[in-house]
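Everything below concerns the one structure shown next.
Per-chain numbering from 1; labels A, B, C, D, E, F, G and H assigned in written order.
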Amino acid sequence: MELTINGEKRRVKPSQTLAGLVEELGLDPRKLAVERNRAIVPKSAYRQTPLADGDQLEIVHFVGGG
Amino acid sequence: MELTINGEKRRVKPSQTLAGLVEELGLDPRKLAVERNRAIVPKSAYRQTPLADGDQLEIVHFVGGG
Amino acid sequence: MELTINGEKRRVKPSQTLAGLVEELGLDPRKLAVERNRAIVPKSAYRQTPLADGDQLEIVHFVGGG
Amino acid sequence: MELTINGEKRRVKPSQTLAGLVEELGLDPRKLAVERNRAIVPKSAYRQTPLADGDQLEIVHFVGGG
Amino acid sequence: MGAEKLVVAGRSFSSRLIIGTGKYQSYEENARAAEAAGAEMVTVAVRRVNLTDRDKPMLVDYLDPEKFVYLPNTAGCFTADEAIRTLRLAREAGGWSLVKLEVLADQKTLYPEMEETLRAARLLIKDGFDVMVYCSDDPVYARKLEDAGCAAIMPLGSLIGSGLGIINQVNIRLIVEQSSVPVIVDAGVGTASDAAVAMELGCDGVLMNTAIAEAKDPILMASAMKHAVIAGRQAYLAGRMAKKRYADPSSPLAGLI
Amino acid sequence: MGAEKLVVAGRSFSSRLIIGTGKYQSYEENARAAEAAGAEMVTVAVRRVNLTDRDKPMLVDYLDPEKFVYLPNTAGCFTADEAIRTLRLAREAGGWSLVKLEVLADQKTLYPEMEETLRAARLLIKDGFDVMVYCSDDPVYARKLEDAGCAAIMPLGSLIGSGLGIINQVNIRLIVEQSSVPVIVDAGVGTASDAAVAMELGCDGVLMNTAIAEAKDPILMASAMKHAVIAGRQAYLAGRMAKKRYADPSSPLAGLI
Amino acid sequence: MGAEKLVVAGRSFSSRLIIGTGKYQSYEENARAAEAAGAEMVTVAVRRVNLTDRDKPMLVDYLDPEKFVYLPNTAGCFTADEAIRTLRLAREAGGWSLVKLEVLADQKTLYPEMEETLRAARLLIKDGFDVMVYCSDDPVYARKLEDAGCAAIMPLGSLIGSGLGIINQVNIRLIVEQSSVPVIVDAGVGTASDAAVAMELGCDGVLMNTAIAEAKDPILMASAMKHAVIAGRQAYLAGRMAKKRYADPSSPLAGLI
Amino acid sequence: MGAEKLVVAGRSFSSRLIIGTGKYQSYEENARAAEAAGAEMVTVAVRRVNLTDRDKPMLVDYLDPEKFVYLPNTAGCFTADEAIRTLRLAREAGGWSLVKLEVLADQKTLYPEMEETLRAARLLIKDGFDVMVYCSDDPVYARKLEDAGCAAIMPLGSLIGSGLGIINQVNIRLIVEQSSVPVIVDAGVGTASDAAVAMELGCDGVLMNTAIAEAKDPILMASAMKHAVIAGRQAYLAGRMAKKRYADPSSPLAGLI
């Protein structure tokens, strides 16, 4: 299916959860925050959060800043 | 009748207009602004503005200020 | 004869006075000051001041300055 | 005999050395400098420095200062 | 150079110095100061007529409203509503709509209450007033006030009556750079050089009261301020020399004996 | 107020602004600037006549010595002897004895060489000159120069041509407080407010060159400086208000509606 | 003296110096600077994970969140909504609710947009955040932010990244005098003495980024800032001497030979 | 960074802060302040022994000359001869030749008398003294003192005991740039940031007395000064950021949600 992640369209394995996607992207969930369709998904809920074609995801973390 | 003028109670001749009061007070209407019960009374209307017992009047003018 | 005027060697008509030189140079004496061999020559004395070969002259005037 | 010490006249035992005076005054020679009649007396010379009536002495040390 | 004028809400003024009318020994001294300052605009307050003592001197008898543009202010108002009520009375009393709005936050600092100031400005402008507005030196709020339609932006140089001069010259410069209506420093000027500094930053005018009224000789200080505002304006227009870290001789090096 | 005058070595001047005559585009611009500045005194340098090019414009043809008091300076002199020799020639050329002495230490700072300056001042005064002296802001040396008989003390505000303004206002104030001859700030003024500050400190005058000559519009800056000097002088005489830590309202608190 | 601590939202810190984590050559340099600064709190930005380049160094691998309190900021946000959205993500990513709010007006000045800032602060506080808020030096707005429940007031000394120091010391002083929550100067510090000045005014801390990151030697400057903040704090607590117009000898006059 | 040292006349010091020993409540407080300041050098005065009251506390019993380098000064001397006589006695009393020379002009300003100071410096150096010399901020005289062989140049920041800070930063910078012996600001520091400013200008050290002794808490202020001098020194060595007219963000613009 196709998702929009951080503003870019991206094809990913179909019918998977947010947890699966984070793993597929090789990200460390402890250091992230994820917004799905403008709603924040708590880390605890990644496993129970199915993704649907066309979902809008924002995956952010901390970077250096003043 | 009794009016409140600039915050002070004051007895004045009964049944008279604002024009009459201004004259009674010896004020020059050209240099004033008057509020009757919180509504500004245009100079042009002093003559046609009857006063009633208990009216609240503010009579102001310009003074030195920074 | 040869004089040094304002640091530059210069040949001028022989046996003449400072007055003559100033005239030869086309200068207005009223606006000048002249030093001959390190001694100031008063304007009044230009006529009676003979020049000798090898004399060192400084001829100055006022220019713009801060 | 009478000496002037630090600007004040003072009677002291006659015919003694500077070393004796310093001791009589109960001062610690290591912390002092002494001028006798405008000439500095080295610490080493206190013993051999006789005092004479009328001598002018300055006895100074270090105090707090900016 | 006398040509260029200060234009506020369509009226043009030759003088860029606006003076207050408070704190003087007398209206008579006040009038002489206004004369010496060459002022064409004076701020005035709106207060209750004194009914008990009818013989008190009247401002208008000393400063002719035909000769000086009266700029009614809202000094002493701490809410938008008080300010609006005051200026409506002022308009009725004077018959003109050019006013100076100030909504203050507290007695101790007399600092502008910017939220209320902006709210009041919007309402007054809708009501047809030409609003010259006393404000902080926050360039963002200055822009909002201009966008709201204010006729002049009047940031403080420092606290009212403090005489501490133009403290934040960076902000005043930012406001000048961004504004298309006149910027007039209001409050803070303590002496002539302060007024010159304000003008050198590119301000279009200066408003002051205490600096003149509390000088030992107010009339002479008024004249000093007139010259200072002209000096600062001309220096701004003339374009100052660059600053240098080291010296630079003014006399030619050539032709030394 | 126009009454009070600057008196130097027995001559009195209405203008307290002395300007230099260097660095201008032309003598013609220089003359217009002097006009706009309202200057009555101008500093001039003494240099060799150009014998090769006789048609070069002459200063005197633009700034009439009958109209402006020429103040010959010793810019470019780094020893007392050079300065004395230069001023003797100046006296012969001009016929007057009022001069501006400066003995400089080095090209980079043009800072006054105070030992040589004092030595030169003493010799010149013995020789009958009226010496206005460029000096550091060291109040002790200022006193020595006055004791030596100098006609005016001229401390620098900052380095010549730097435009950094009046840096050490404490020292200038000390010099003003102790001096009975005129104190004229010489060098450092960069814009109008700097000149006003100098005068507000109680100085009797200001001398400048670069601030006017290197402004984008020298004529307009000259006018700015004229006004600034008047403004600063009047502010000094008027006596400024006291500075306050907090605000102080200018409008009456009584009679608020 | 080591005893007294900075307490923000119930957490206490021995260090009063908060540093940013932007503009460094590398996170490694950044970490060494944080070490040298003795910082216990660092501001961090919230940005999209880079999905294409997975090997990019991660901030957390250099500045251990166990060791440094991460203070997520909203740099780059120009509306309350963006700022709130960003901080909610930050809270989810980090798991803590202490944040630094900044809502900016424009790219050129990065001046705080105070209306939006106040609006955002109220919403965030209702949502359970501990809000340290970047703001202008307007004392009235500072009071509103405190009344809204902000955990710390963080007025700018001058524009972000400008290095112009603490321009309006009067306003900072007013804010310090009126505040019962910590006042931390944020933005404007350019060198060590600026940080000392901020603390001498009575501020409870200083936040800086550019002054350290853009120094030629950031590690050494970080140490300089550590000492400057301690120096300024101790000087404030110690109570400085009074300023005097004239001299006052430090050595006794008695006992002179 | 702890490595680099202050070297004066061949002796090297880790601390760049020299403190006076006057004006303290007691020698005991003085000693604790010296401890807190981390000072290695203290100035002391030379005065007559008190013969009448023998039990008066002695400086040496509180500040051990083995631990602190005593720097005898000539405070109170108004001629070269008095200063030389005083320092010869000091050398005999202490046995060392490192001294601080000051020849003052008058009681009101305690400004250095530069002619006498230079004369005294030359005689003392010929007599084998290592002379650290209190002087004005005149860069020309500073050069003469260095050429005469002085071990350290000690220009005033402002008048002794005034606490007005470093007024003429341009001159101090010029002196630093030209000097090859240590430059130590002496007099004028009022609070910690003043000391930091002096060091940021590139000075090698700072000498102070009143700023510490007249603080409400001298011990804490002494510690503040220790940190301020380190801060200023490190900031100078680190190389400060450039000042900018506008803002410059510290957080990345890329990756914003």
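Here are a few things to note about the model shown:
Note that a contact is a pair of C-beta atoms (placed from the backbone, for glycine too) under 8 Å apart; a residue touches a chain by one contact, two chains touch by 3 or more.
Fair warning: this is a prediction, and the values are worked out from it, not measured in the lab.
If subunit A is disregarded, contacts among the remaining chains keep them together as one piece. Across the assembly, the mean Cα position most removed from that of subunit E is the one of D. Across the two candidate interfaces, B-E and D-G, the one carrying more C-beta contacts is B-E.
Distance between chain centres (mean CA atoms), subunit C to subunit E: 63 Å. Look at where the CA atoms of subunit E average out and do the same for subunit H: the two points lie 47 Å apart. Chain centres here are Cα averages; for subunit C and subunit H they lie 57 Å apart.
For subunit E, residues that reach two or more other chains under the stated contact definition are 20, 22-23, 45-48, 73, 75, 85, 89, 109, 111, 159-162, 164, 170, 209-210, 213, 245, 249-252, 255, 257. Residue positions 6, 35, 58, 60, 63-66 of subunit D are each in touch with at least two other chains.
Across the complex, subunit A meets subunit H through its residues 6, 35, 58, 60, 63-66. Subunit F makes touch with subunit H in their complex at residues 105-106, 109, 111-115, 136, 138-141, 143, 158-159, 162, 164, 167-171, 174. On subunit A, the positions that touch subunit G within their shared complex are 5-8, 10, 25-27, 31-35, 40, 42-43, 58-66. Against subunit C, the residues of subunit E that register as touching in their complex are 249-252, 255, 257.
Within the complex formed with subunit B, the subunit E residues making contact are 20-24, 27, 30, 43-49, 51, 54, 58-60, 70, 72-73, 75, 85, 88-94, 160-161, 209-210, 213.
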